[in-house]
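Chains: A, B, C and D, in written order; residue numbering restarts at 1 for each.
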Amino acid sequence: MTFLMITGRTVNQGVTVEDKTSAAYATETSTCFMHEFDMLELGLADHDTVRVTGACGEVVMRASASVEVEMGTVFVPYGPYANHIVAAGTHSTGMPDFKSHEVEIEPTDEEPKRVHELMEDLGGLAYDR
Amino acid sequence: MKVTLAMKPAAKSFIPIEAESIVPKNFLAGTDLSVWRGNRELRLDEVFSVSVEGDAGRAEDVEVVLSGETFRLKRVGEYMDGGTITILGDIGMHCGNFMSGGTIEIHGNADGWLGREMAGGAIVCRGDAADYCASGYRGGRKGMIGGTVEVFGRAGDFLAESIAGGTVTVHGDAGDMAGAEMHGGTLVVHGDCRRPGANMKGGSCYVYGTAQGMLPTFRKIGTVQHEGHTLIRFTGDIANRGKGNLFVKDYEYLD
Amino acid sequence: MIVKDAVCPFCGCLCDDIEVEVEDDRVVAVTNACELGTTKFMGEKRLKGPILRDGDEWKDITCDEAIRYAADMLLSAERPLLYGWSGTHGEAQCVGVHMAELVRGVIDNTSSVCHGPSILAIQEVGHPGCTLGVVKNRADLVIYWGSNPIDAHPRHLSRYTRYAEGFFLENAFRDRKVIVVDVRKTETANIADEFVRIKPGGDYAVLSALRAIVQGKTETIPRTVAGVTREQLIRVANLCKSAKFGAVYFGLGLTMTRGKYKNIRNAIELVSELSRHTKFTISAMRGHYNVYGSNEVNTWMTGYPFGIDFSRGIAFYNPGETTAVDVLARKECDAALIVGSDPAAHFPRRCLEHLADIPVVQLDPYPNATTAFCNVQIPVAVTGIDAEGTAYRMDGVPIRTRKVLSTDYLSDREVLSRMYALMQEAQER
Amino acid sequence: MTELLVKNACVIDPLRGINAETMDIAIRDGKIVEEVSDAAEVIDARGMLTLPGGVDSHTHICGTKVNFGRYMSPEDMRAGRTPRRGPLHSTSGYSVPTTYGNSYRYSVMGYTTLLEGAMAPLEARHTHEEFIYTPLQDTMANTLFDGNWGIMEAIRDGDTKRVAAIIAWTLRAVKGFGVKLTNPGGTEAWQWGKNVSCIRDPVPYFEVTPAEIIRSIVEANELLGLPHSVHLHCNNLGTPGNYTCTLGSLGLIPDLNKKRQTLYATHVQFHAYGGSGWKDFCSKSEPIARFVDMRPQIVMDMGQVMFGRTTTMTADGPMEFNLYRLHHEKWSNHDVELETGSGIIPVIYRRKNLVNSIMWAIGLELALLTKSPWQCLLTTDNPNGAPFVKYPEIIALLMSKKYRDAEFATIHPDTAARVPLPAIERELDWYEIAVMTRAGQAKALGIQDLGKGHLGPGADADVAIYPLRIDEVDPATDYQKVIDAFSRTEYTIKRGRVVARRGECLIDGSNATFWVRPKVSENYDMGKDPDFIEKFDRYYTVRMRNYPVQEEYLNRNRCIETEARI
């Protein structure tokens, strides 16, 4: 199913943002907040994993029901998961489309990666001492 | 005189090269020019294989031909006032900035800010033009004030932003905010575009296709015949002063 | 020991009434701060010392080695990018500008991915604004547009708007109306007197419609605009016109959606229009700590608030071309110095792929997502915790942050000054 | 010890009554001294015109409002761009240049001391930060008290000593130099979108009038013994017919100080307008100048307008909004809680525009009609009337009737019927220009005793040597030479070092900041006043402890202590 992905701040994202290697940060930023009817349609229960595919890649997140989002849109806290699929084009304004990104969402059996794994996928080297 | 500049392959191929020296009149005095790759000044012949045929006494008689991987070349033809530049491939940002005369022809695509703040002359782009084609500069009140820009492919967002004079024609579709802040001149989009004429207060904007996300602040006046198209005529943006004219074949509100 | 009136180093509110209790050089309790600020003060997961990536391993190196590495990297680059700056103090940002000027690089700060579009809009139409206290003491109408302070600026509501007392308001909670405009029914929307829910991408159209209605040109407006009924638009316009003092606070909901700065421009033009009827102001909800300070410093030193390219010696400014996401995604830089931000967590993947290809040095107290892309990381003191310096609040009020505890970490300014000194020496040679 | 000897200088030093004497100037360790040793470095001035370093007593160069002018004007930054060279930093901008741009350009014109005309106390730290990056001039900041709640309440209660006490506490806290009133009362009214019409119009809620604010603060200023007088931007700036309001304001001022004026009225050009509207707009420079001639307690500055592009910026928010409605250009406004506000819009003054042409004439008339040059100082209210780089042209206009006539021929033809300028024959001389650009300014600011504005032993060794011999150049006819000479010094010497030479700055210096600390009795220490503290805590959004500007922000700290009579 096609959705409009909006990203933004949440308190939990802010609380964990200076501790990016923590499980809490990964959990918060890999949460895909969805309307419960959309979840029903996709056969998803709370905390089921979903594959979210954008214009330039895919990433696995966990779905979570939210009363804040409209049907057809999903909300993902700012962070490395959303950015794994956000396109870098800025319409020559410097600012990517962080709040208006079309994505495909489907259920999956895969687990979300750790932040370190995402970084290593892109050529980084995790520091975990 | 014909000056041929063929780009040499380079190791740091993605660092932009600023080449505002590539303007026809500069070649009247020879080819001892420099360009900048990032913060390094390079001689023209370090970047290009340069060849010159014939000679000329005035810029109008100079033709510059660029070939190779020219997509990272910025500011080619800046302040050009006569002569011809032909680009066989793609060209980087700010081609023809402040141009006041002469012709630039691009066979490939043009990157952003093609013909920014242009005052005269002609630019023809056979491929697509990226964002801010024929636009103004940050904070400025006036974009293009004269001349013509013709794009045979598509144009990106903010096409002809703040245009105050001259004519811009796009044969394909244009992006979002075409003709935003328009206050003079003419913009013609043969295909579709999004939110044309936002905040316009002068000039004329024609869309032969569909205006998507049509803004709610244009008042419909009737229909007109224009170049063989039946178009719906609107006043300029009434959120601003309602001046200027917007003509579209068809439109859709975001309702 | 209790440090009073400490300044919170988290968001652009820079709350300066925080009490921090320190025992044995550790923060043990924080009073008055929100959850975000408290966690930041209490955070302990710092990087111990400078590290260097050596193949697939991390090695500890000395501070001198790390600084030397950074200086050499910047000096040898053809187009270095110096990015970040919102997490540090003004004095360090000044050194950063001098460095960019010397090595002829591109210097950009995190506003390019937060309120850069707001700046572009202000550069087109100006900015009728005010300090936060003016709103607190006077505003009887507050509009949050595309901003969600409960999550992003938790004390904004209690210190300045919904729950704040005000000199000219008898009963501030009752007399002050709050309107929230958003595509989501956020927590903030729940405490509003009026919630305007718009379709994603519809902000510009709604703002245009409001401008027309405020001018009395109602008849042209369609029955609904981006999901908002004409009746509601008229009601909102009337609320605005009948307010004695109205204040709009907008957030990334306007800057990050299609149209970007044109949305903000339209909002400012609405406020300018309302100023002909009553008193109205508009302000950006600046997010990260001292990001506004980085704009101020860059402006007085280079003339531009962000996205400055010194490649040619003089300052050139063109967001969309000289801003970090564009420079990285287009692979237009060959080295990067990151200070006080975490682009690997906040930039699209394509930018990270280029960071992986070029040398990167980062100054940051914590191991973060960008660490993975660093050749060298130098841990520094946290401005506002173990370093002091100047920070600018979201409304432009400059505040000197306090140092609440002492550590052995150098401040950003100290590290950068040493780097700059090496670079000056090299240049003189 | 460093020594410098400037030989064969043709010195005009009005504060010491020296008029074109050829002499040597001895400098040791940054100060003027009687003599130096033979080891001193020597500069041969070869009879060139040598003046004390220039002092600008009213300019906008540093702080929140100025920086916002830069921030919103990338188009302005496209001019004046220079790269980093040696110790010098890059610069950008024309009407609102970067701090380095301001500093280097002022230095090239021989200016060594600048007064920032308007600093909002809450944002003072910003002004001081920018001072640090204005390296080639000593700086000081006028501090805004026009809409200060505590002061208006004290005035309402008739308590002038409390007014003085609040000023004392604030100046000390924010490291301010003088007291500035911008559209007194109007900036507070503007926080409701209103204004005050003139000096008898009460401020909403506070119920005090601008006249009461002006009079009471003038008294408080003298109670505190401040070096500078109250610095007033009158109500009603820029409106036709405002000269009556200006005369009314000036008429409020008693003569309270023997050493200097009691009121400094700034950019009076903008306040000398006749007419009932734009249609019959005309000059009222004559009544203003006549009035000032009779009142030694008043000094004014010109606020000259010059044609071209610039940026207007002032704490006068409502005035800027009116300008915005006139021009529909971009408009910024910034109200500051409990204190004041500011507004900014870019403008272009055009020769073809009648109003602009009249404005241009009025500034010159004020300078030419006021008898004493000590009472009308040369400014453009930079950048409001024009960027300061236009000063040399203004000097030339004041010195040459021929130049004025030539310029007059290019402006709007109806101007002649609206202004007295064409009939004014006076041409100022070198001495008068020296008064209007340094000596008079230093005296008006009360800094001559601190070694500014003159070249007597003990003074700061700030010297400007201009490439011009006054015995060879007739300013009445050779006005281009006058412009050229004042545009770039042969040498600018700051604190004993040559900082600029023939249009090029040479070193990245370090400024000194002058500020005032009035000593008040315990009873009048607002830092201990329960009512003051309580209101501060309730209505400001910054804690009282975090409000004062720390001395870390002062490069070279020049604190002036005064003995207050409270």
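Methods note: contacts are C-beta pairs under 8 Å (C-beta built on N, C-alpha and C of every residue); 3 or more make two chains touch, one makes a residue touch a chain.
Given the structure is predicted, the values throughout are model-derived calculations rather than measurements.
With B-D and A-C as the two chain pairs, more C-beta contacts join A-C. Taking the mean of all protein Cα atoms as the centre, the chain whose own Cα mean lies nearest is C. With centres taken as mean Cα positions, chain D sits 45 Å from chain B. Measuring from the averaged C-alpha position of chain A to that of chain C gives a distance of 22 Å.
A separation of 56 Å divides the Cα centre of chain A from that of chain D. With each centre defined as the average position of its C-alpha atoms, the distance from chain B to chain C rounds to 33 Å. In chain A, 91-92 are the positions where the chain touches two or more neighbouring chains simultaneously.
The set of chain B residues that touch two or more partner chains comprises 112-113, 131-132, 137-139, 176. Taken residue by residue, chain C touches two or more other chains at 120, 123-124, 201, 258, 310, 312, 317, 319-321, whereas all remaining positions touch fewer. Taken together, the touching pairs give a contact graph of some other shape, not a line, ring, star or complete one. Looking at which chains touch one another, you get A-B, A-C, B-C, B-D, C-D. Residues 91-92 of chain A are the ones that touch chain B when the two sit in their complex.
Across the complex, chain C meets chain B through its residues 77-79, 103-105, 120, 123-124, 199, 201-202, 204-205, 207-209, 211-212, 215, 217, 220-227, 258-259, 262, 265-266, 269, 310-312, 317-321, 330-334.
Listed in rising order, the residues of chain B touching chain D in the complex are 137-141. Chain D makes touch with chain B in their complex at residues 72-75, 78, 329. Interface residues of chain B facing chain A in the complex, by the touch rule stated above, are 112-113, 130-132, 156-158, 175-176.
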